[in-house]
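Chains: A, B, C, D, E and F, in written order; residue numbering restarts at 1 for each.
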Amino acid sequence: MQSWDLVRANLTSPMVLAFVMGLLATWLRSDLRLPAELYTVLSFYLLFSLGLKGGEELVHTPFLMVWKPALATLGLGVTVPLLAYFLLRRLGKQSVTDAAAIAAHYGSVSVVTFSAAQTMLTMGGFKPEGFLPALVALLEAPAIIVALGLARLRTGRANGEGVREALRDLLTGKSIFALVGGLLIGVICGPEGVKPVTVFFFDPFKGALTLFLLELGMVTARRLRDLRSASRFLWIYAILGPILHGSVGVLLGTSVGLSVGGSAVLGSMAASASYIAAPAAVRVALPDANPGYYLGMSLGITFPFNLTLGIPLYAALSLYLHGGHG
Amino acid sequence: MQSWDLVRANLTSPMVLAFVMGLLATWLRSDLRLPAELYTVLSFYLLFSLGLKGGEELVHTPFLMVWKPALATLGLGVTVPLLAYFLLRRLGKQSVTDAAAIAAHYGSVSVVTFSAAQTMLTMGGFKPEGFLPALVALLEAPAIIVALGLARLRTGRANGEGVREALRDLLTGKSIFALVGGLLIGVICGPEGVKPVTVFFFDPFKGALTLFLLELGMVTARRLRDLRSASRFLWIYAILGPILHGSVGVLLGTSVGLSVGGSAVLGSMAASASYIAAPAAVRVALPDANPGYYLGMSLGITFPFNLTLGIPLYAALSLYLHGGHG
Amino acid sequence: MQSWDLVRANLTSPMVLAFVMGLLATWLRSDLRLPAELYTVLSFYLLFSLGLKGGEELVHTPFLMVWKPALATLGLGVTVPLLAYFLLRRLGKQSVTDAAAIAAHYGSVSVVTFSAAQTMLTMGGFKPEGFLPALVALLEAPAIIVALGLARLRTGRANGEGVREALRDLLTGKSIFALVGGLLIGVICGPEGVKPVTVFFFDPFKGALTLFLLELGMVTARRLRDLRSASRFLWIYAILGPILHGSVGVLLGTSVGLSVGGSAVLGSMAASASYIAAPAAVRVALPDANPGYYLGMSLGITFPFNLTLGIPLYAALSLYLHGGHG
Amino acid sequence: MNLVELKRITIISEALLEERLLADIRRLGARGYTVTEVRGEGSRGVRASEWEGNNIKIETIVAPEIALTILAWLSERYFVSYAVIAYQETVEVVRGEKYV
Amino acid sequence: MNLVELKRITIISEALLEERLLADIRRLGARGYTVTEVRGEGSRGVRASEWEGNNIKIETIVAPEIALTILAWLSERYFVSYAVIAYQETVEVVRGEKYV
Amino acid sequence: MNLVELKRITIISEALLEERLLADIRRLGARGYTVTEVRGEGSRGVRASEWEGNNIKIETIVAPEIALTILAWLSERYFVSYAVIAYQETVEVVRGEKYV
């Protein structure tokens, strides 16, 4: 069956295996360490390269092809956090602050999940549309704004000053900045202008992603411990949530005309939970929310789930919705 | 018009845009940070790679072709600091120490400006002579020695001990060491011997330069603030000085037989102001000179000016002097 | 003569010259510094890439071809430390702890020496067997275990707790972890799966090794000072020891059917002294042994000796034993 | 040479708070500060960054009255919600006048 | 705001000992610690790592009795064979109760 | 275990001065030192390096007389032209004899 093939190809890719190696390094208490500086450099590199590639492709994409997916993405950025907040409050009995904090994470997007999805779909023969990185930039902020707004409405706790600071920081935040910076440079330079730097920014991308995932594996393993005190509902939501949000993403992507690969990647974006932009914003605006919950869920459970099983699942759904063919 | 084309090509290159992105990151107070370790590694990488490439090309360059440009370079290294010192004292009314300190910077050379000039000229179709990196190594130290000598003559302030220490440090300084080390290895190994490492040292060069310029943009933006207290004359000199020194460089280059590209690059070298070797030497030998002035001028104004408008200007002048053709 | 050619090719390779440049940087008191983080990242990169390449090749190597060299390697891991310990005690009059500590280092393996040997032999036209990195993984630990066991037998000083801790750390130690992790990923992914990341992990390998050797040169120069107080015997052993162990390795490699290149590399492995895994283990289990001796010898003398003269020597011996032909 | 007795305040906190804390201590009268990247563990151990234990240590030398103002403000504003610890010591500073 | 007088212990040692030292001070009663990467030179200068001078500094704030226990243990267990130095100071800690 | 009262000197300065400062304190009698990379801002804020705020912190434990000699030397030699701050504290050092 085709989706099993995807799962298998996925699980035996260097990227996923490097992530597992990182997990093991921490669990087996190896003294293997990669410096935090490498993490910083690689995450900038991945974001900037993604942006550059996206920008370069955006140049020769007709606007007509982009506006519907862009609207769909903004729609996801508003719907998913509301959905997540509602479920976490009603079914999960979480406090307003914790529910809003978690909703902000699930509404936003993980760039590494996006990269992994794009790489895997391309390797599986379903090349997604080239302008998707632009959508990532659109999906990052809105959910966080919606969730912080919600918390502010429901309590006085997310005090104005904190929220305002968090929003300002958000729009100049490093991940948006790197991605949008790359995008703009890609758009301005165009394919010809970008060519001299492709050896540096495009060719080693998959290898750099592999190395980054190894380091992320070590970080993830440490983060899982923070979930000890979390209720069982949160553990479950960290897996069923993504499936739900991801399905909405795939559906929406398909309905606005994205290809099999494109819809699957949009699904993966919707399913993914932010662990760079959202935590920084939430920590400032909602200091009473428990970081152990929101980071533990998004980095400790949802990220590995998406990386291994989630992406193939959204790909299978996308394939099915497109009538079983690329 | 051809020189406008150069300006435009220049301003829309990934390198210059990355530099602007770095400036913006600081001005918009983004939390984007690249670790200082990356800066150290990239600057070594650029210097060493340049040296290696230059050395490899030097092997099959007849000595007859090199000795005149080499003498011209040494001439620049003596003339430019004297010229700058004179103007800064007479017209600018600067103190002896500040004038000497600034003259040391403008007489020496910025390797990144050199790399950018070489890359841009090559991309514009005017490939400069391959042995130019050897000239960079020749241009770095003399001006600093001349300027410190001047200061010592005019005051007792640049005390002997400090000057001697500064000179010893200068000749084993990291930038000369990396460049000359690369040069020698390139000469010894020759093109065949270097081949196995070209994938690492040559192919990613332009991309690495782009990343370095991004980081340098952030640093530059912070340095500009130091100029607040500087007199208007210094602001002006930071732009007119390079044009003057650069023109001398292009003229001299043309007169010793360098090609359009080669003369333009020699002009860019003369126009550029050091911000690695010179500050370190000056800080030790002339502790009373204001670092806010010399670093603010060379890094905050002259570097961006050369990167954007200066290099095309020297290229246009070189083209004109060569009769309008490559 | 062919072996002189090897020596010359070796001494004029970018790798060896970069190492010399690193030595000079320290001896001439240059302020050239490469951050410790780069060292960490490069050593991980080299180990992981080696493993990956080895794993990928292991997939299509029949088991029959591997088992004999594997046994020979384990044999070396037991014989060499016993031999070294015996000589250091009897002829060298070293204390039990120092003898055991040094024996642990010479019995284990230096991955950089291995990489250099593999690269040089390949460049010299004697491509070694692809599965050799797997043997490196086998050679790292046993000698350390044997030597610590010896020390424990002869004194009560290597107290049980320390030895147990050291052994646990050893098997999850960063160098084994990186190498074996790469190996397993290479085996699981196979050549097809690894292909997308070869641009990152394989192509820049030689360049990365060059950069690493430059940094290692700086470290080595500082380490040499630690040998001031060592007896003359230790200086001599640091050169004659490797020749002895290396010859045993070449002989054993030839006798189990390895090619000229393979035997020469196995000899280089035997001749090399560990300076990552062994020092960490020995410092914990034998705190009274003098790190100045074991690190000074392995990093300060044996490593440069092998890099420059040793490898060509083992290659010449291997060539001779194989009847003078590849 | 004159030595002046001043207070050195040390604040250890999650890295996220750096800018805020620096703005606060400057506003409350500190004339300078020094920041070190550190890592650590405490009783709470929560950290809103992927990199657990990624902390900063801020040290500032101030006059005793200002030290108390700063410590009081930190205690009130940050101690409940964030991973922060702060303490003061007496130090003898060369040319200490300039920090007051 | 209440300030409590406590002891701050500082341990500087070769990086290799980090995990061990942290395990020890935790076992002896420390409730938290902060680690800084430093480099240095001393009288012995031996170091079992390629990178000479690659040390760590561990700081922990504890009650005075615990401080003495920790220092005594360090002195007995590590000082002979390893490159370690340790000292204590008195600090005034904001909300110091939580570290005792 | 014996604790000896000694002085700990802390010097914060622009990174450029590291080698010089270390040579000086060694010459004046220090038997060891520890260096940390830090960043900071002060009243002057000038720095002759592209990387603003790139400072070092040198700590050395010495006998009280030596502490005064070192501080006096720093004050006279460096304070006018360079970005340097220095202070001393009393610390109780385990096996403190070896630092004197």
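Everything below uses one rule, namely that a contact is a pair of C-beta atoms (placed from the backbone, for glycine too) under 8 Å apart; a residue touches a chain by one contact, two chains touch by 3 or more.
Protein names from UniProt, one per chain: A, B, C = Sodium-dependent bicarbonate transport family permease; D, E, F = Nitrogen regulatory protein PII.
It should be emphasised that the depicted structure is a prediction, and the values quoted were computed from it without experimental measurement.
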Inset, instruction - Enumerate, in label order, the chains that touch chain D and chain E alike. - result: F
Inset, instruction - Walk from chain B over to chain E along touching chains and report the minimum step count. - result: 2
Inset, instruction - Look at all chain centres (mean of CA atoms) and spot the one farthest from the centre of chain E. - result: B
Inset, instruction - Name the chain whose C-alpha centroid is most distant from the C-alpha centroid of chain F. - result: A
Inset, instruction - Using just the Cα atoms, superpose chain A onto chain B and tell me the rotation angle to the nearest 5°. - result: 120
Legend entry - Of B-C and B-F, whichever chain pair has more C-beta contact pairs: B-C
Inset, instruction - Quick one: report the Å distance separating chain C from chain E, using the average Cα coordinate of each chain. - result: 35
Inset, instruction - Express in whole angstrom the distance between the two chain centres, defined as the mean CA positions of chain E and chain F. - result: 20
Legend entry - CA centroid of chain C to CA centroid of chain F, Å: 40
Inset, instruction - Indicate the residues of chain A shared as contacts by at least two other chains. - result: 35, 37, 280
Inset, instruction - Pull out every residue in chain D that's touching 2 or more other chains. - result: 36, 89
Legend entry - All touching chain pairs, where touch follows the definition stated at the start: A-B, A-C, A-D, B-C, B-F, C-E, D-E, D-F, E-F
Legend entry - chain A residues within the chain B interface of the complex: 35, 37, 40-41, 44-45, 52, 169, 172-174, 177-178, 181, 184-185, 188-189, 193-194, 196-201, 280
Inset, instruction - Using the touch definition up top, name the residues of chain C that touch chain B in the complex. - result: 12-14, 17-18, 21, 24-25, 28-35, 37-38, 119, 123, 203-204, 206-208, 210-211
Inset, instruction - Quick one: which bits of chain E touch chain C in the complex? Just the residue numbers, please. - result: 14, 16, 46-52, 54, 81-82
Legend entry - Residue numbers on chain E that touch chain F, as the complex places them: 10, 12, 36-43, 55, 57, 68, 71-72, 74-76, 79, 85-89
Legend entry - chain A residues within the chain D interface of the complex: 36, 39, 216, 219, 222-223, 226, 275-276, 279-280, 282-284, 287-288, 290-292, 295, 299
